[in-house]
Amino acid sequence: MDTSFSSQKEIDARERGGLGTERLEVAFGPHHPSTHGVFRMDVVLEGEKIVSLKPVFGYLHRNHEKIGESVSYLGIIPYTDRLDYLCSPTSNWGFVLACEKLAGLEAPERAQYIRVILAELTRLVNHTCLAGFLAQDLGAMGTPLMYAFRERENILDLFESLTGARMMVNYFRFGGCRCDLPEGWLQGVSRVLDAYSKFLDEFEALLTGNEILLQRTQGVGVLKADLAINAGITGPCLRASGVNYDLRKVDAYGIYSRFPFRVPIGEHGDCFDRYMVRILEMRESIGILRQAVREIPAGPIMDAKAKTRSIRPKAGEVYGRIESPKGELGFYLIADGSPSPYRYRIRPPSFINLTVLEEMCLGLTVADAVAILGSIDIVLGEVDR
Amino acid sequence: METPENILARLQAAFPSAKIELLPNGCPSQPPSLLLDPAFACEIATFLKNDAALRLDHATNVTGVDWPKEGYIEAVYHLFSMEKKHGPLIIRLRTANRDTAVVLPSLTPVWRSADLQEREIFDLFGIKFEGHPDLRRILMWDGFKDHPMRKDYVAPDDFEYEPTAHDDVLERAQQHFSKNA
Amino acid sequence: MNSQPYLSLVVFAVVAAVFPLVPLILARLWFYFFAPLKPGESKNATYECGLVSEGDARIQFKAHYYLYAIVFLIFDVETIFLLPFATAFLNLSVGAVLAMLVFVLLLVEGLVWAWSKGYLEWD
Amino acid sequence: MLGTGIIRGLVVTARNFLGSFYDRRRFVTVFYPEQKVEMPERFRSFPFLVYDGEDAVRGLRCVACKICEKNCPPQCIYIVQQRDEKGKPLKHPAVFDLDISVCMSCGICVEVCPFDSIKMDKVFEVAESARFEKLLFGKAALSKSNAYYRSVSPADAGETDARLEEEKKAAAAKAQAAAQKKSAAQAQEPQ
Amino acid sequence: MSVLSDSLIEDLKKQGVLVTSIEALYNWGRSNSVWPLQFGLACCAIEMIAASMARFDLSRFGSEVFRPSPRQADLMIVSGTVTKKMAPQVVRLFNQMPDPKYVIAMGACAISGGPFKQGYNVLKGVDRFIPVDIYIPGCPPRPEALLHGLMELQKKIRAQKLTGENRAKYFDAAQPGEYPIPSFGEHDLEPSKNAALWSPAQVARKD
């Protein structure tokens, strides 16, 4: 045993040969407070560092696509509410957009404006809840989530007075909307918008400058732009890595081309950029909403050609996609002339955003893995379908 | 983006011995799709990804379709380009039949986004993707034997209490009623 | 002073013993009369997010964590020794302060050595 | 200077804490059993069958056409048409079972019903401890009067009643016109 | 409470004399601090979180402390779809909770599989494997419906007996302490239901 003192690093290195350290395999199981539902990660730890992380899906696989093949097109719409249960209007819109391409229907002006208003309100709800859950995952027990859900209730009241349900709106139809706005609804939206911009300033004052949040999220879970593109990451996670790809600008579906909004782009692609991109997107959404509430015309809310509620399209296939708050939500439909689709496939953004979860978490600690999972923003209804 | 027809022509020129077909799409407004020869799938995919005019770097939707009457299972890839921001090119790979020869080349080495989705096709449709880094069941539990999204899959019988059953659910629930009728 | 100076101590000890024991005995009686204990194989299993936990949690992890704990322990015990010194601080002679200074400096010298050796770096 | 972010956060929480004593926007708690959130008119909990007039059986609008049974996505409606002694089907459901424990309150049955005989109710406090007996609503438990429907959602009820009135008037006018034509035809034949 | 008539107790209470029994005190204490397990599965979990937030305030009923570990929880709110892949975990979590424990099946999916009943991977109701105390229909039920269900559970807890014939099940040694956990078979769970627990009513259907 040589008597010369050596630094701790040398001791560790020598130890690896002799004492050596074993690896701890722990299941970040289906029942875990920080996994946003029943998601499981099999983590192998060396000391505190993550050496390997295998995500396990399927605990909420509710066979959405198999049921969709035995239900009529109209009957699928309430099921799309339950895909991403935090943003049901955008899931409705994605499915209805694909079916309108299939059946050749077109929503009239007023319905297009209502769709933009509901989609942007959903973006506000989703991004606020994300900021609340991310802060909760980082240890801010309750306070940000309490404020986030308090504001979410105002928007849910709007959804409820228009469509009849808080979360499961089931409001979009092929060629328009189910029913018209109750009177006083638009004033309600503008009241909520004024309160929301004040709330956003307050929320940013609480979170964005907070040193603990900066320390825990900056430089953590960096996602390079080329890996993000290759892995099919879409939505705020992709834009945080510096890629300018927002379907509202790329596809310009609906009437998004009339709204001059900017797309926030991050540089580093770490957790803080993903959080900050969403906060800035909320501010843009408020701008879009203000313009939509000003410009919404009167008129019919249903396409004249849409006779019956459900459609019975001829054989053919379509892939329609929209920019849901989580990313590119696509619906791939193969119709064979019968009242229910032959093949009904959902392209789930949360599911595919988890492709590179392991690359982002390698070498970091378990607490960082929780922050990274929180910043990717997954909802298990959409991940497992 | 170029029309699928002259993409087909350029592919035919680049890979003369590959059998590539253009499949029309029933819906007028949607583009037709290209049926690729599984043997050349990887080379064609790399070509599509690195070609200067196409740059299809975003395989956004990878899914399986079961055609029991036609006797094969399909893997459908929707390709977009994030760089040039242009629209879908749909490519399809078909297996020889539905029970023995269900092997297709995996395109995960080309597009990483196909990783989880190909595992899902293997889990729910039963197509074995060779060259896939980690082909395991993803949604059903590992011991599960069937491929449930196939059209001829019969769900297990747990229809004891079906008070509002009609048409096909009623037949399934029938044995449980008759015991007490 | 009353006749037995240590009576208060005895009462204190008795109360200290009885105070925790009574609820334990009551709980024991409660199980015995009302709620029979029903241990089970999966009820006593270790909880790991709803799964069956394989492998052992008592594994050999890095020796570094042990060293970190020891360094903390030293300074924790030091503060206990400083407590009486702090309470009687004002009316202490210079000699006592010097003696305590030697004690504190010795430990600070230990901290400097540990810091230089890199024991305090975490990963 | 390190820590200003946290202090700004504390100012926000302090403002919320003090504000929660007077500012309506920060003090949002609804004390549930005593106060209730006023439900918007279009809120939909579970369907119910509407009957006109007083008699729940004869006044029932439902004609057992089974359109809602076919279109219900989770298939939670079961209808058996009533038959008189000779076996001729009547325009009335003998059995109309709705399984509340399966219903997803989507309201598609209301949309596709051509006779406005099924509407969405507002009652959501239906927690039960016996599933098989209490959560399968039969025809009797489902049928409620039109007056109840008008009290629960006045706008929709008014609209539906107005439409039904017009249809009745139009049908009456058509029947009258048909009667006149028939009587006019008879008047010409006997000459 | 059979010794003193209720009216007598009311009069005594007017004079400020509070009369109670061990059972009433025991049940009063337990019913007003039911700690739910933090166990969210799907959309109903978001409504459960909304119920515990500022507007609907679950803490007014004494149960806003959501315990992540089953060891410290005494109420399992099954909020969301129990799939067959998740069923063994649900039963194991329920077994690992200390007695006295209760289950609220929140939402159509937990009661009967709800809209996803026809799915191949969906368990048609959690009462096939664990005993359920309160069923709250709705998809998702409003937060107030969850509060109403919790109040129903509190009434049920207050009415429980310590001794005698119909005493609560965890009091008599004959009742099982834990329920068998299903294992994953090749096509379905083995066994597909807990035969001792699952006895569906037979619905009279002519055709």
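By written order: A, B, C, D and E. Residues from 1 in each chain.
We adopt the following convention: contacts are C-beta pairs under 8 Å (C-beta built on N, C-alpha and C of every residue); 3 or more make two chains touch, one makes a residue touch a chain.
Keep in mind that this is a model prediction, so the values were computed, not measured.
J.: Can you give the shortest number of steps from chain B to chain D, where adjacent chains in the path must touch?
T.: 1
J.: Give the chains in contact with both chain B and chain E, ordered by label.
T.: Correct list: A, D.
J.: Which chain, with its centre taken as the mean C-alpha position, is closest to the global C-alpha centre?
T.: The most central chain, going by mean C-alpha position, is A.
J.: Sort the other chains by how far their Cα centres are from that of chain C and give me the top one.
T.: D
J.: So using the touch definition from the top, which pair is joined by more C-beta contacts, A-C or D-E?
T.: More contacting C-beta pairs are found at D-E.
J.: Determine the centre-to-centre distance between chain A and chain E, using the mean Cα coordinates as centres, and give it in whole Å.
T.: Measuring from centre to centre gives 32 Å for this pair.
J.: Between chain C and chain D, tell me the centre distance in angstrom, where each centre is the average of that chain's C-alpha atoms.
T.: Distance between chain centres: 64 Å.
J.: List the centre-to-centre spacing of chain B and chain C in whole Å, with centres computed as mean CA coordinates.
T.: 61
J.: Give me the residue numbers in chain D that touch at least two other chains, ranges are fine.
T.: 28, 73, 75, 97, 99, 102, 104-105, 132, 136
J.: Pull out every residue in chain E that's touching 2 or more other chains.
T.: In chain E, the residues touching two or more other chains are 54-55, 85, 89, 93, 112, 115, 118-121, 125, 139, 142, 200-201, 203, 207.
J.: Among the residues of chain B, which ones contact at least 2 other chains?
T.: 139-141, 148, 161, 163, 165, 169, in rising order.
J.: So which chains actually touch one another? I want all the pairs, not just one.
T.: Contact pairs between chains: A-B, A-C, A-D, A-E, B-D, B-E, C-E, D-E.
J.: Of all residues in chain B, which touch chain E in the complex?
T.: 139-146, 148, 153, 155-156, 158, 160-163, 165, 169-170, 177, 180
J.: In their complex, what parts of chain A are in touch with chain B?
T.: 57-58, 61, 63, 65-66, 101-102, 104, 227, 229-234, 243, 245, 250, 313-319, 321, 328, 330, 332, 334-335, 343, 345, 347, 351-352, 354-356, 384
J.: Can you name the residues of chain C that touch chain E in the complex?
T.: Counting only chain C, the residues touching chain E are 34-36, 38-43, 45, 47, 49-52.
J.: Can you list the chain E residues touching chain A in their complex?
T.: Chain E residues touching chain A: 38-43, 45-47, 49-50, 53-55, 68, 80-81, 83, 85-86, 89, 93, 109, 115-116, 118-122, 139-140, 142.
J.: Touching chain B in the complex: which residues of chain E?
T.: It is residues 84-85, 112, 118-121, 124-125, 128, 184-188, 192-193, 198, 200-203, 205, 207 of chain E that touch chain B.
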